[in-house]
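Some structures are shown below for you to check.
What follows is a pair of complexes built around chain A, which joins chain B in one and chain C in the other.
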Partner chain A sequence: MDVDAEGYLTRPEQWNRAIAEALAQELNLQLTDAHWKVIEFLQRDYRERGTVPGMRRLNKVGGFATKDLYALFPDGPIKKAALIAGLPKPASCV
Partner chain B sequence: MKELLILGAGTAGTIMANKLRGRLPATEWRIRVVDETAEHFYQPGFLFLPFGLYTERDVVRPKRRFLPRGVELVQAVVDRIEPDRRRVRLADGLELPYDVLLIATGTRPVPEQVEGMTDGDWRRGVHEFYTFEGARALQAALRDWRGGRLVVHVSEMPIKCPVAPLEFAFLADWWLTEQGLRDKTELVYVTPLSGAFTKPIASQVLSGLLERKRINVVTDFAVARVDNERHALVSWDERDVPYDLMVTVPPNLGADMIERSGLGDEMNYVPTDRHTLRARGHEHIFVIGDATDVPTSKAGSVAHFEAEVLTENVLAHIRGEPLPERFDGHANCFIESGFGKGFLLDFNYHLEPVPGRFPFPRLGPLALLGESRLNHLGKLAFKWIYWHVLLRGWPIPFVDHRMSLAGKQIPAGALKAEMAG
Partner chain C sequence: MSTNNPDRIRKVSIIVSRGSLDGVYPGLIMANGARMEGIEANLFFTFFGLYAVMKGYQDKIRIATVGNPAMRVPDAKGFPLPTLLGALPGMSAFATHMMRKEMEKLDIPPVSEFLEMIHDAGGRIYACKATVDMFHLKPEDFVPHVDKVLTVGEFYELSAGAQIIFT
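Presenting the complex of A and B:
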């Protein structure tokens, strides 16, 4: 798989569940159902809106509590979950 | 009589009322503006209040004074917009019908969104400068300052005027030096971003400036709560930033009324076509200023540029024609950097702030993404322009709503076809 310096997939079409597991392992994460729910929400929302959702959207639309997200993806939940989901690095654009 | 209804008499709503009153015949169109309060604040001036550089007289005027004859100001709280019935319901039960609706209800700081932020330390050790009361309370706190740890904090993005917290840090460094308190004060800048600013080239320049001014920077800080017992910010990943005095920018949200109307996203901003400024899925509703979700800065300059686009588009909509104008995301922001100097940023959807000259190539006279005394004077002059030119809906000479590439030094690859997000 092709990744950039920070570990994000450069060719998103390469993404599949096995690659997600491998990307997670690089971050020392073992993916559980709870992780997958977040990853799938990010992918669905990205398809619909063209941007990686922010924390408020994960809270309000996704129904995930910030605390739980930090427990699942320590340090930087959106950056890590986006990386595993094969999405671009979330960028605040304004 | 047809009804053009504007919600919000801030910068955006006031400019639109002025522009449209001049273009719509008074015999055919009534223009009404609804707002909750009677005072218009020059919000860029809030930055200067805490340091005693501006007083109340610089920043507060009656809203009515900036609306032209033939525009009715309704002072009321909006309960909700009912798009299917093309009417707005006020909190007192009154209903205002509309043929065309402009939403200009802005954004506001909501400190209650952070656990503990409005507890015991609020307006004592924890301050903000995005409201008139907040800026004044902070002025009193600074008067009593004798040294310690002063933390400038941004809760989350997006915020109104994203450069303001940096400006506050730069001005604090200058003011503390003047007061002989700089060596007794540890200045800390805490941000949820990975750098000083949202845009990479400007972020690099501004990070260098923070370092030169001995302002410590804490990045990637996602605030979980304010611990009032220990006087510390605590992040979700359990990092602590203690403070003696904190100046925070609370989370910003759009108006509650947008949420009640079912018209907003998760931050109560209205999904808006970034080029035409029409509300997505609502033919007769347009959105301007901080109330939109368009991917550019929430800033008065943006509202001013959008107003030129929106005026033409609203008039075309009324004539039943396709919407002719396209907004390019143009923003233009002065950054006070202290000691009588300032920066200027000019950018849009396609190009982040880059170095150069403005508004004329080579001649300037203003420097883009570079520090100069003239930029600082430009910022001070802007107060007069705001009250006397901008709110009236008059154009500012040589500064078009379409961002100009002339005079800009554009690094390879910096000009994007369409910026993501």
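Presenting the complex of A and C:
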């Protein structure tokens, strides 16, 4: 797989579940169903809106609580989840 | 990820000292942004900044339309708002309403929700003891997300190893 200096996939068409597992491993994360729900929401929302959603959208539209997101993806939930989902680095400040 | 950089910032202590909308939000955005990057974050509210953590006041924070020479209407590239017009009743509420609408579009939450988000993200929220005493406030005047009322000495203690940012 081709990744940039920060670990994000440079060719998103390469993404599949096995690659996601490998990307997660690089971040020392073992993906569970709860992780997958977040990853799938990010991908769906990105397809529809063309940008990685922020925390508030994950709360309100995705139905994920802030606490749970930090528990699943410690120290940078959206950055890590977007990386595993094969999406670009989040570009919003909030 | 960039967490491997040995020079990376690991901890920030952000002081919010002003009670206007533009006085409060930068600190909240920086604290939340820190947590999103895996940086430890302490928020310390002092003087009029305390209104951001006071029950019943935190979502009444407004933009100053007087004494704000950068204020333009109807948008950021419009005409400067004359001080006398800025003083008209309702001007501050109107300007705040307009800005809140733009913030809503960017998914920037209201103050109460933003503080809850920072708290749930593991950020710590403190109130300044000197101001609490000066304003005659009690612990029950604050929203439950406030961890503690701190003296300046305690603030420095818990800021060990942190970058201190005053806003």
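Rule of thumb we're sticking to: the second predicted complex is superposed on the first by the 92 of 94 C-alpha atoms of A that agree within 3 Å, B and C clash if a C-alpha of one lies under 4 Å from a C-alpha of the other, contacts with A are read in each partner's own complex, and residues count from 1 in each chain.
To be clear about the criterion, a residue touches a chain if its C-beta (ideal position, glycine included) is under 8 Å from a C-beta of that chain, and two chains touch if they have at least 3 such contacts.
Quick caveat: nothing in here was measured; it's all calculated off a predicted structure.
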| item | value |
| --- | --- |
| Touched partner set for A:A91, first chain B, second chain C, both or neither | first |
| Which of chain B and chain C A:L83 touches, first, second, both or neither | second |
| Which superposed partner A:R17 touches (first chain B, second chain C, both, neither) | neither |
| First, second, both or neither for A:Y70, with chain B first and chain C second | both |
| Touched partner set for A:L27, first chain B, second chain C, both or neither | second |
| Contacts of A:M55 with chain B and chain C, given as first, second, both or neither | both |
| Set of chain A residues, in rising order, touched by both chain B and chain C | 54-57, 59, 66-67, 70, 74-76, 92-94 |
| Partner chain C, residues of chain A touching it in the complex | 6-7, 27, 53-57, 59, 65-67, 70, 74-80, 83, 92-94 |
| Partner chain B, residues of chain A touching it in the complex | 50-51, 54-57, 59-61, 66-67, 70, 74-76, 88, 91-94 |
| Complex contact set, residues of chain B against chain A | 156-158, 162, 193, 198, 220, 222, 224, 236-237, 265-267, 295-298, 419-421 |
| Chain A contact footprint on chain C (complex, rising order) | 1-3, 29, 32-33, 35-38, 106-109, 113, 116-117, 120-122 |
